[in-house]
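Here it is, the structure in full.
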């Protein structure tokens, strides 16, 4: 019975992710979209835990839920819009989009099942040490470059939003 | 009984294309940003799954997740800044109406 | 000490950076102090280096780092420290230091004070690089650097039109000369595969006579540009529009001697290429007498000095040409002192008169400016080659070398020039300091300069008095000869072994020439017999020719500049119609293509994203096709 | 079939254990909050030379119970223009992360919900989730004071997370583990981390004050300017949940301080009776809760710009410097923490001595600028 806990959790998380993700796209209120997005992020963090990557899961929550969602909520609150008829809700190209995206999604999802777990990977330990080793030893330079990217993005965002005369 | 790797990848693929669909069909620029975040998250999921289950050598896949965090944060900051400054010029976040740059 | 030779240019560079970055906002008057102190430190180190070279370190190469390394071609940023460069380092730093100190007083009330010292420091840095370089390319860096600083400093008072026109002229003429230098350097590289002095000089033998001559003539052409020789001399008199310390430092003591230094440095090349030395000597002699005649009739005190400088530089080239590089460098050193002194003295007079430069408005100033008068009198004596002042020893060696080397014509020209030199010096001194004041208003307000200006004058005067006898006695075998021996010991140049009697006779003749010139000047200006005005009337057309400087500037304008204008017009037409036309057609093609593709750009972001997804679908289909084997059969 | 503790089947034990733990923690938080409210009122009263709650029960002990019953009994009011689901969800979003953080707190040897190897990171993560609830509460209230309060709070929390995490990282660098139990075990006896990293402790404590919206950083609920911030529209039990969350957060921050810097459960007799660790832990934690109250009663509230400049111009540079110095010293002297301790004490001294001086200089400059502008 304990063996079923993991698939059961996986099923719950999958349903939550797909439903909430679809909700983000379909919800007619933007705040709902934002909250559902945060919910999707949380569930993905759950997936990470299921995969045994709890450090990444923590960072996922810290960054996506704690920072990015709040940032997007800020964006939502600073750009209020009057309600609009549902006909104007989607872009005019929605049928084309559906026609293209659905087959691709099906193809890719089917291809995805062709990946098999590697035989040698047994029960790995936590991912804290491997992650730290990779980031600070093997990928130290790209990591620094990424931090410069972040700094540049921050400066760029400030410059873009700053009003001219104050 | 462990969940097979393919299942994780499939979930990731489905979420990715949900995000794609969001980018393609929604008019609201903020929602488009959210959809992009969904796509990035789907990528994260695939990367972590591969890194934990597929590679028999090490777990470097997770490092790319860290880089995607960085990129996502940068993307959302700059994206929102652009949306905000566009909103200041013309009070709309509808991407169909922001088309002054057309050729 | 020699290993730290890089400190010598480092100090002026640091001063340049400090003054340039912080001078305008924070340092103000301190810029002068900083720059002077930096150059003073350089001078101290230069003395140390000189003493070490004296102690036997006759040839050291100090490499700082590799600058260019491409295949077999290696150029280092390296200093070559030998007697020649150590003497030059000493002269440059010491004279610079004195002039820097002087400038603190002279430029005191100028609003560009910090700018002045910034450029001046940069100049000293570039000059030191030029002198220290161990290869032609690094030397060229300094060469161009001093040219740039000369341009900046001549045009220092750019608010007025004359200075910047003069600056432009100087720059363009230097560029023409640099063209020669560049050709020389490239040819050197092609012939020898290296531009390093030691490499080149050791392998002189591998080059053909024609190649060597080409290299030497090209380098000498470069030298004429920098050292204001015929035909590229006419920028130097115009350069007097710059501040007087600049004239003293750049256009008398240091930069203009770069050409002399270049030829002296390249002596092994010149010696191996026989005809080119003759060219150097003839050009030098012609320039000497040519400039001296113009100096006879100028009324601007600084222009007299400028033409005098051209003339004296001609002497140096004459010396090089007759195979006496030691005499040339000796004269370079003494000239640096007494001509800097003359310029600074003129500056002191100009300063005392509130900016007046016309000698016709001066007169009788010896009572008002005693220090300036006495120091300038010494310098004038040195210029007129009166014993025992410095100019006598060095100039006498040149004249003697010309005679002993078997060039009697050049010797005669040199003697004649000496007479003219003595005459115009006497004239300038008399008009400025003696006689009755001709402009009483100016005279009333004239005043002696402050100590910060007069002390350098005194120091330079001391140098003028003792330098010649200290290192030039006894003639032909003095200290300078022993020290600079390695420079002179070049194949093809025979060290003369003159007899004492010959030397005495030659010296007597040149002293007599000087005295003759002085007496002629005195009789004309003190006793008015013959009256100068009458002489100028009698000379008529010749006098006009001199006053108008042989119409050289007009000749250049009419012949060369106009011809260039015509050629450029033709090129411009070609550019507009053919090249631009081609580019425009291509641009039109791209524009037409672009505007036809423009319709695809709807401006709706979603559409673009959709095309990306369509592309993804295409990739997947193709990939699937390959996987299924549709395309492989 | 393996047997779990107490002879119970592990399949049943796992959820049972969860239920027990949740019940325990909820009880802990509720009772802790009641006790803290009583303490707060009494201490404020003592500092302000008053008597405080007096009449209900002996020494007014039952006053908070009465208040709690009153709040529970109140009508659940929701204004019509509020955003229904968000309005209802916001208190839970604030409350549940706080509750979840108790999982990793090491009360005593062996008494811990789960010894995660990323425990500290887990706590930080949960702390950052609170922001979401506050922003949503502000937005859902459809009230400008609420909205501004919520956004201010979000800005404050996100800003102060940076020095907070940087302070924690210095400790992690010294200790070498993220596990709360591991950190607790690393400081037996008198080898408290506070002796090594006093500056990190001070900066963390300041940032913790801001993270819990406590005075002098209680901007989001600044009554004088924003009515009650994001709480304006809330009343009754939902309001109470926000307050429970706040007191819970205070306890969590105090627990982190206790664990990271003051040796967690370590104290006399712990080796003999492990359970006595709970007592030591609680005593230490409540000591810091008292400090929180003391500060609230003493210091005036900061202005929003002062708050932000304190964070970005003082705390973040300070913690960054501290982090870099600590990391460097640990690399240079891998076997001893004495240099780190010396550097940290020196930095702390410099901070304490120089801060008033720098502030005065800035004030003078500001006045000068205002005068010239006027």
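Residue numbering begins at 1 within each chain, and the chains themselves are lettered A, B, C and D in the order written.
By our rule, a contact is a pair of C-beta atoms (placed from the backbone, for glycine too) under 8 Å apart; a residue touches a chain by one contact, two chains touch by 3 or more.
The model shown is predicted, which means the values in this text are computed figures rather than measured ones.
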Which of B-C and A-D has more C-beta contact pairs
A-D
Report the inter-chain centroid distance for subunit A and subunit D in whole angstrom, where each centroid is the mean of the CA atoms.
28
Separation of subunit B from subunit D, taking each centre as the mean of its C-alpha atoms, in whole Å:
33
Taking each chain's centre as the mean of its CA atoms, subunit C sits from subunit D at a distance in Å of 75
Between subunit B and subunit C, what distance separates the C-alpha centroids? Give it in angstrom.
66
Show the residues in subunit C shared as contacts by 2 or more other chains, in ascending order.
604, 606, 610, 613
Give the residues of subunit A that touch two or more other chains, as numbers and ranges in rising order.
55, 59, 67, 74, 91, 93, 97, 100-101, 104, 108
Which residues does subunit D have that touch at least 2 chains other than itself?
none
Just spell out which pairs of chains touch, all of them.
A-B, A-C, A-D, B-C
Mind pulling up the subunit A residues that touch subunit B in the complex?
3-4, 6-7, 10, 14, 17-18, 21-22, 24-25, 30, 33-34, 37, 40-41, 44, 47-48, 50-53, 55-56, 59-60, 63-64, 67-68, 71-72, 74-76, 78-79, 81, 88-94, 97-98, 100-101, 104-105, 108-109, 111-121, 124, 127, 130-131, 134-135, 138-139, 142-143, 146-147, 149-150, 152-154, 156-158, 160-161
What does subunit A use to touch subunit D in their complex?
1-2, 31, 35, 38, 54-55, 58-59, 61-62, 65-67, 69-70, 73-74, 77, 126, 128
Residues of subunit A touching subunit C in their complex?
91, 93, 96-97, 100-101, 103-104, 107-108
Given the complex, residues on subunit B that touch subunit C span 20, 23-25, 27, 32, 95-96, 99-103
Which stretch or stretches of subunit C touch subunit B in the complex?
597-606, 609-610, 613
